[in-house]
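Two complexes follow with chain A in common, the first pairing it with chain B and the second with chain C.
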Partner chain A sequence: MRRPWVIAFVAVTTVAIALVPVFGSAVLIQYGINALIFATLAQSWNIIGGYTGYASFGNSVFFGLGAYGTAIAMTQFGLPFWAGLPLGALLGVLCALLLGLPVLRLRGHYFAIATLGLSLAVAAILSNLEIAGANIGLILPLTRADGMFFELALALLVACVLCVWWISRSRFGMGLIAIREDEDAAAAMGINTTLYKTAALMLAALFTSIAGGIYAYWITFIDPASAFDPTLNVRMVIMAMFGGPGTVLGPVAGALVLSAVYEVLANWISTAAALLFGLVIVLSVIFMPRGLFALIGGIRRHGPGYLLQNVRQHRL
Partner chain B sequence: MSAGPLFDARNLTKRFQGLTSVDRVSFSVSAGEILALIGPNGAGKTTLVNLISGMLAADDGELRFEDRRIDHLPPFRRARLGIGRSFQVMKPFPSLTVLDNVAVGALFGRRGGARSRTAAREQAHELLTFTGLGLHADRRADALGGPDRKRLELAKALALRPKLLLLDEVMAGLNAVEIDEVVAVIKRIRDSGVTLLIVEHVMKAVRILADRVIVLHHGEVIAQGDCATVFEDPRVIEAYLGKRRN
Partner chain C sequence: MLLAQIIVNGLLLGGLYGLMALGMALVWGVLNIVNLAHGAFIMLGGYAVYFLFSELGIDPFLALPLAMAAMFVFGYLLQLLVLNQIVRSAMLNTLLITFGLDVVLTYLAQLLFTADFRTIAPSYAGANFTFLGVTVPGIRLAAFAVAWLLAGIMWLVLSRLPLGRAIRATAQNLTAARLYGVNPRQLYAVTFGIGAALAGASGGLYGMIGHLSPYIGVPLTAQSFVIAVIGGLDNPFSVILAGLVIGMAESLAALYLGPTYANVISFGLLVVILVLRPARALRSA
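Entry: the complex of A and B
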């Protein structure tokens, strides 16, 4: 991000994407909203998973809470979307604070497993709450304004990328990276690890839950199964890892590329799409374990041999 | 400045289930001195370092740093007060550059450190030159060889501008030439006004550096004093070599 041409490229691309609702087809806009939301989810995961090194499988909880917070505010209390969305975000961030303090004490696989259980637990709680529509779910007021949803999703993604860019350059971000690299050493260097980890999780929750709120209003129907879908979290992780965790643009590129690949596969050969998608993931893990961005740098330095080098280095 | 010692431990005790690893250990460190902590393997030296830096919580006893109780402070607070440490099992930030490894300390250490990454990197550069790592600034930390990793541990601990520096076996695994180099660096650290507590098995280095020695055996202090007295103490010889016959 330091070189000016990268910033120029990102700015031009952003403007071009912002113009899609003006010139693009309805299908393209629909695809775009979905891809932009996924890019935000992958980028949010990058804050806690990529920079801080905590592989969270609880981000789908924040997504679901953002969706439900917005939906409850709109359907049960008759609030407008602009009031519901911040309420959903507040719910997600509070949840990150309350869950983060105990769960972030766990490290490595234990953290991953503990967070994996969370989305199932929260889904079970909500499916028993009358105010959340219990098992049936909630139907939000219908709005046919895909252009607005598109620009909203894009604005959220831009905010999220700017936040990660700031992290990549700031003292705060250096603290997160140190925690990822070695948490005990980070504490011995004077880093308040508990505070930093919790703040990272809350930041991830903020963007994830806003994305959930936008998604709920766009789709107009949510139930526990769709709002707290654990496979949603798996996709965030895959997209971030595919693009390059711990980089500013990697997760966004990963999300946009993988969304496109999936869409194309689903159009051509609808039945085998998921299978081929899985194949793409496996191949990319083998040949580019550090993501798209490392791949570009690696090929520039070592030529196509970089791919084989990865295979050799990781003893596959 | 206060009149008391820089650091003071009273009746420090740590038990691991049945095993008492550190048993009612009391000692103090005066500003400006080098205190060596020696003892056979398993004597509790690293546990003691972990108790002082806050990685472990003591079961009993008091810790004071600059006349202030620190026993209940978490590790990062003690680091910010000015207690720096190296790790016996080295803990570099593997995928960061050598320079950034040290810059982290400059960013987060004792108050008055660097506020921006750029300023931190400048401070880190000076420390790398000081510890002899200047040429390796841009390499990844996990690409360094053994002796250079030791230097990196030193540079990282120094980056937080400690008043008291705990060095846990920084000379283990080094050859004679490398030991001389590290001894020279430690002397320069002392001359810059830092007080040191060194855990060390290399007795040659202890003789050169230490103003005072504490000997730990089975978690208890069995002797303390200057090098000459301590190395002649029959209990110390017994702890290291076993009992003399007849």
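Entry: the complex of A and C
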């Protein structure tokens, strides 16, 4: 019975956000594009990290490949943005297929670090390629259409949320959750775990690389350091974890809340913003190890004591 | 001769790499925490030695034990007051909280020490000698020796002292260790403190060989992780040996492929090893 309310709330919020470019200031639109792109990144990470339970630190590779695919198509081959974007997405998805097959055999910490290593390696290889502008980077054609980028980013986020919503209620999604809970048991139940895991990684790569393409054209300049920034990946993980991994709306809420917190901190005390951001992460892991959504649900059910109950459950 | 020189450089650098990874391997093996703030600990140790040397005029090699003691207290309190609270939650949470700590320490260092590059340069910093046509820098050789010395001390502690027995027992089975009278909260804090002290020592040596800045942490964390995986978590000497392998591989890659490929080599090596031997039981101390 709560469900219609949630759907109505999400629909109204989406329409309200879509109207921001019409009424909002230029600063708000800029901030919004950034926040929406991050929400998409957190939500795509949620597919592989939240539902499948594979803590990927290589999603920034897909972001970088999407950005580079789009940029190379536009600057080196003179293709329009609408042709470059699918090419970037194709590059990201192919990379997910090729890397996923060997790397998804690893579990736990090993998967996390192997993907981190791959992202550093891909960045180093690209910074030696002439066609990708080597270390200097690529400059894309300049466009002044922040409203268009805003709606594009919003549309991508909506598509990504709908995809995760479908996952959360489909047989495919049940398979992913089974893999997260106990991979050997899932395999024993007849789930083709390799197929499921690779498909999940490819789906995550699809949305992440499209977001990368949009970002590249919006910023109009990319180089290996900014496109393959490993902290970008950590930020998507934090946003997804903050909101609640393995939920449909959690990562989006986490991304929007944390983007706003960071923006406010940066305006308030610019020198210590990153430091306080780190403190927010530490405290949120201690007091809400299962995310914002679980915390709200828990407090509604058990009262404010749920905060301490969380700590008591996870301490040594 | 160039090849011999490159190999010697790689070996000497590799000893320091091994020492960096030693603390991470210990904490990972016993507490099952992959400490993403490990590189930040190395950075803090480097600054501790730097200030002991530049402000108080203490010789950097004498300042090393002092910096280690300070880092031990820091690590001990951090584990006791903060990390013990979340040790039993999901693996990703320990990764996240240590990442948060890394951010806090990095930017705290930037506020307190500014972003300037600093080098610990005692009067004998440039001393070297030539052996069979190969130039051996004195400080790097000393750092190499300190790495082996600390690995030896750790091996003695782990295999001979009651504390080491308790640490190894806890790594094997926490519940059983508890039944035999180990206080896990204290033991986790002490182990984490030892890890931080080792990181501090490697940071001091790093500051004598390279440059210190608040941002050196993340790549050093990644490197320590690679070495800890290759070396395994149970034997301090094999961690140092893995450091030598990585140091050599990086030096040779920089010579034959160009310096930008150094990272590709070490991480490529890691991925190949992980994929070929994924089932290797790392957690056995």
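Simple rule for what comes next: the second predicted complex is superposed on the first by the 313 of 316 C-alpha atoms of A that agree within 3 Å, B and C clash if a C-alpha of one lies under 4 Å from a C-alpha of the other, contacts with A are read in each partner's own complex, and residues count from 1 in each chain.
Convention: contacts are C-beta pairs under 8 Å (C-beta built on N, C-alpha and C of every residue); 3 or more make two chains touch, one makes a residue touch a chain.
Only a predicted model underlies this, so the values are computations on that prediction, with no experimental measurement involved.
Peer 1: Have a look at where A:I281 lands relative to chain B and chain C in the superposition and call it first, second, both or neither.
Peer 2: A:I281 contacts chain C only, not chain B.
Peer 1: Looking at A:A124 after the superposition, I want to know if it touches chain B, chain C, both of them or none. Which is it: first, second, both, neither?
Peer 2: second
Peer 1: Looking at chain A, does chain B or chain C touch a larger number of its residues?
Peer 2: C
Peer 1: Per the contact definition in the header, classify A:V234: touching chain B only (first), chain C only (second), both, or neither.
Peer 2: Touch status of A:V234: second partner only.
Peer 1: For chain C, which residues count as touching chain A in their complex?
Peer 2: Within the complex, chain C contacts chain A at residues 28, 34, 82, 84-93, 95-97, 99-104, 106-108, 111, 184-185, 188, 218, 222, 225-226, 229, 258, 260-261, 263-264, 267-268, 270-271, 274-275, 278.
Peer 1: Can you name the residues of chain B that touch chain A in the complex?
Peer 2: The contact residues of chain B facing chain A are 53-55, 74-76, 79-80, 84-85, 87, 91-96, 100, 103-105, 107-110, 115-117, 120, 156-157, 159-160.
Peer 1: Help me check something: in the complex, which residues belonging to chain A touch chain B?
Peer 2: Residues of chain A touching chain B: 169-171, 174-175, 177-178, 181-182, 184-194.
Peer 1: Which of the residues in chain A end up touching chain C in this complex?
Peer 2: Residues 49, 55, 102-103, 105-110, 112-114, 116-118, 120-121, 124-125, 127-128, 230-231, 234, 237-238, 241, 245, 271-272, 274-275, 277-282, 285-286, 289, 311, 313-316 of chain A touch chain C in their complex.
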